[in-house]
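Each chain carries a letter (A, B, C and D) given by its place in the written order, and its residues are counted from 1.
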Amino acid sequence: MTRLIDNSYGKSEVRLTKIVRSGSRHTLLELIVRVMLGGAFDRLYTEGDNSLCIPTDTMKNTVFALAKKNDFASPEEFGRILVHHFLDRFDHVAWAEASIRESLWARIPVAGTPHEFAFTSGGSDCRTAVVRRERGGELELSGGLEGLAVLKSSGSAFEGFLKDEYTTLPEAGDRIFATSIDALWRYLPGVAKELSGVRAGASLGSASRAVDFGALFAEARSTILEIFATHDSRSVQQTIFAIGEALLERLPSIASVDLAMPNQHRLLVNLAPFGLDNPNEIFVATSEPFGLIKGSVARG
Amino acid sequence: MTRLIDNSYGKSEVRLTKIVRSGSRHTLLELIVRVMLGGAFDRLYTEGDNSLCIPTDTMKNTVFALAKKNDFASPEEFGRILVHHFLDRFDHVAWAEASIRESLWARIPVAGTPHEFAFTSGGSDCRTAVVRRERGGELELSGGLEGLAVLKSSGSAFEGFLKDEYTTLPEAGDRIFATSIDALWRYLPGVAKELSGVRAGASLGSASRAVDFGALFAEARSTILEIFATHDSRSVQQTIFAIGEALLERLPSIASVDLAMPNQHRLLVNLAPFGLDNPNEIFVATSEPFGLIKGSVARG
Amino acid sequence: MTRLIDNSYGKSEVRLTKIVRSGSRHTLLELIVRVMLGGAFDRLYTEGDNSLCIPTDTMKNTVFALAKKNDFASPEEFGRILVHHFLDRFDHVAWAEASIRESLWARIPVAGTPHEFAFTSGGSDCRTAVVRRERGGELELSGGLEGLAVLKSSGSAFEGFLKDEYTTLPEAGDRIFATSIDALWRYLPGVAKELSGVRAGASLGSASRAVDFGALFAEARSTILEIFATHDSRSVQQTIFAIGEALLERLPSIASVDLAMPNQHRLLVNLAPFGLDNPNEIFVATSEPFGLIKGSVARG
Amino acid sequence: MTRLIDNSYGKSEVRLTKIVRSGSRHTLLELIVRVMLGGAFDRLYTEGDNSLCIPTDTMKNTVFALAKKNDFASPEEFGRILVHHFLDRFDHVAWAEASIRESLWARIPVAGTPHEFAFTSGGSDCRTAVVRRERGGELELSGGLEGLAVLKSSGSAFEGFLKDEYTTLPEAGDRIFATSIDALWRYLPGVAKELSGVRAGASLGSASRAVDFGALFAEARSTILEIFATHDSRSVQQTIFAIGEALLERLPSIASVDLAMPNQHRLLVNLAPFGLDNPNEIFVATSEPFGLIKGSVARG
């Protein structure tokens, strides 16, 4: 005897571009959306009974239609709209989750002025949101970023670590620290609650908004960059904690943050065979292997 | 006040090539290894105290050294060796996890005979294993594959699904079904136990092996291919369950299996504007968006 | 004063799937097509005059429509159809080029029999063709493959090379040779001529075919694999020449072949710090840097 | 009879990081270098005679050693150093080519001030240089950029194009124009000559520099962005020419420029089935197929 013990399905990589016009000034929103659903879908798997199956093609259409029907300015808000739609519309959906990546477009400066409708890349990273709700539960609301490339050529050491029979790494009082930062912060329940209360289809104008998610994202991103730059690092782990602490201190709306930072090694090249010394000048950048360091920091 | 609520770290993308020689016949094993550890590492994050920090560089060295010191023929066995090493060697490690991807190399046929030491790619997929143990707990042992590309041009339908105001998908009695299969099966506790009991450093010769993981993998892979080919599919979900059922039936050593199958759409091209009909002949292959369908099947 | 000195444009990554049914047995052709055109397009660039611009969207439609209207079994034949269409249809097109990659699908074996309509990946590589014609010139016709992954763990050396002040590489009497082979063979003018003569829109049935491109591809691919496996290699360069020679010997329809073989290094790991020797057993696979070796071999 | 009609080889993806310290202020240069050589290497291919083979491993070492021994501030200068080295050092090398991609790192702003040694990504694009010399010929010197992501949501049309039986594209008076720009400009012979004259190993201090390649790159990049933003585009082709014209006008050191701009389509979503109009608000971004538009503009 066999049984289905877990299932979920959805549509991934729905690439939505939305242009909002205010006179000749355009606002550009480019999102890559994943919607996943769980619920009473067992007979779909076990019997081939599709009567309760919401096609993933319909999910895709829903993303585009709801993007047209609603006013929103952040992946958090659009995620909330999507999650509520599927739970409100279908009784047999037990939970819904929207995972969104937003491209960071920046206005092209022309003669010192940001252009009204022309954009270029605003960073190596993308902005993210994960919004989830189980029927009857609270809205779980997270925002973040992925792939923020940073490198510092000083202010980073790694010394005093444990040595065993397989250790060959020399102590380093001054090393290059290069990484690509992923962060995902969980909002306080009150923020999610306030966002949930906004009437579906209503304009989420700045007046009615509990949190200005755009301003919060900008503050989070600049905090991460600043702490990375200025923290006197004894390890990637210690820098993760320092960044987490600073985010919680500066962003009163968040409850916790998950951080992941791969250690993208720059290895000192041995130039001695060529009669050259190498006082931290010439390195080889390696893509693999890499250290993968994770930490989660919360209030309390 | 802030506190560290979770942490883990390790080394990722350690690319190991091992050649085992039996006369002029070589066995080739190419693995990409990730090792992650958790435990009493808090002071590393909060104080910059590295005294208990096992460097990720040491983990990398350990992978290579243990690959030399031990005899093994599968990612499951090598994962067990790695996990046991870190738990046995360091009291402050609370759990260890090895995630391994193995390249599928096949012997090049020369005049009908498989060559002794020359190989070519044996598939689009890679073989995988995830091995984890918490101190004091049982070994959790999984094997699987990732990225098995398949396509069938008949024997697949999608009809009778739920329609709502956002549904435009037509019913399809005969459609192309293309996907890239990921599967991860959990071994029964007895298999993991027997594997754990093998003395560290000892040869895991075929005589002493509880399970022939290589034969099991081959059986699992051919089962997945066969069921995909022959199952009369009413949905991706139903095919997932059918594959899961067959794996549990044919592989007595496994307890459950997780399956994920993206629906890589081939869309019928509208040739009517050119005065041509298109009776399921000409399709456009799309890479995004895609349906993402998941299911887990277990005994009992 | 400035002037346009060169221009070309086209459509890339047109992903075509074609199913040909013979009773319940299906033939599957999956091609990724690029069409590029050159000609009297200057005013498009310099004046914004689009009157002679064939939109790339039209090129995409043309790929799908011609795939429906014509019978073909190889990327070479379909490339010829496309190139002829654009030259025949538009007097202001001076040259047309089709570059095609074909996925290698293999029938899934079920109980030892290849399935009629279910397929899995047939290799890491893809089959390719490049077809080009300048107005008034001969058809230039090439076929090939890209990304054929191979590795041999013996039968490869690299010794006796030039040493200078920057050389640290030790001589290697027995090393791993891993690469990903790209080959592109140019057909003899007669083959291209005969293919060109086939009436447009006519069935390219096996009877009328000058060359069985499918059989030729299979012969080329197995020759490459066999020579790679059996050639006693003193360098990647020497193996390239050996493969080129064998292709010219076995394939009377081709005039020359271009080969490119990146040297994907497997580096012997130094295990001496751990008290272990390493007689060519444990290697680290590296993705960069890599040696890039190219050679072209012709008759005569 | 067969013969080698062409050959070249080299080392690719050599990832060099160089830190130059001026007190506590660091300059960071991250380059990915490819070196290719041609010359009297035939016996390497045809005879397996390695006596004239400069190993690619030596090329890699040479990149690191010359990066240490020389002062340079641009990929153009480092490319010149590499190319001259191989031609000067080895009589049997007939030509040498260095292709370099430089990561764009920008100083992290801390309290409004650019940090002395901490950096984040400065754009989606990378800076490039291609430097080549044939023995006895002039230095051929090019600089450029690759992957500059831009999008404008107005100021772009595509109308009045040729229609044939396969055209379905509607005329568009106002469309989204999204692309990723590649540009490669050829310097005037005088610039290359002056750079060539700099004594090998000498400091290429700003005083002795014929061209400030860094300032030129910044000017080129901002010109491309500005013209993209402000040009009233009737086609991608016309915008290419407008960018080329502006580059030649503003950069007196360059002779010509090659531009390539894929048309990364944003397609208007049909919302009519949902009772919604869509006045250029909701688009789907597609990754394939894409238009590929190229043009070269020169003086004279």
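We adopt the following convention: contacts are C-beta pairs under 8 Å (C-beta built on N, C-alpha and C of every residue); 3 or more make two chains touch, one makes a residue touch a chain.
Only a predicted model underlies this, so the values are computations on that prediction, with no experimental measurement involved.
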- Message: Looking only at residue numbers at the chain B/chain C interface, is the share used by both copies over half or under half? Answer same or different.
- Response: same
- Specify the chain most distant from chain C by Cα centroid. A
- Which chain pair shares more contacting C-beta pairs: A-D, or B-D? A-D
- Centroid distance [mean C-alpha coordinates] between chain D and chain B, Å: 39
- Query: How far is the middle of chain A from the middle of chain D, if each middle is the mean of its Cα atoms, in Å?
  - Reply: 30
- What are the residues of chain A that contact at least two other chains? 14-15, 61, 65, 166, 168, 273-274, 287-288
- Item | Touching residues (chain side chain B, partner chain D) in the complex | 165-166, 168, 273-274, 287-288
- Item | Complex contacts: residues of chain A adjacent to chain D | 14-20, 24, 26, 28, 30, 61, 64-65, 67-69, 105, 108-111, 115, 117-121, 123-125, 148-155, 176, 222, 225-226, 228-230, 266, 269, 271, 273-274, 276, 278, 280-287
- Message: Under the stated contact criterion, what part of chain C meets chain D in this complex?
- Response: 1-15, 34, 36, 41, 44-58, 60-62, 65, 89, 158-162, 164, 166-169, 234-238, 240-241, 244-245, 248-249, 256, 258, 262-263, 287-300
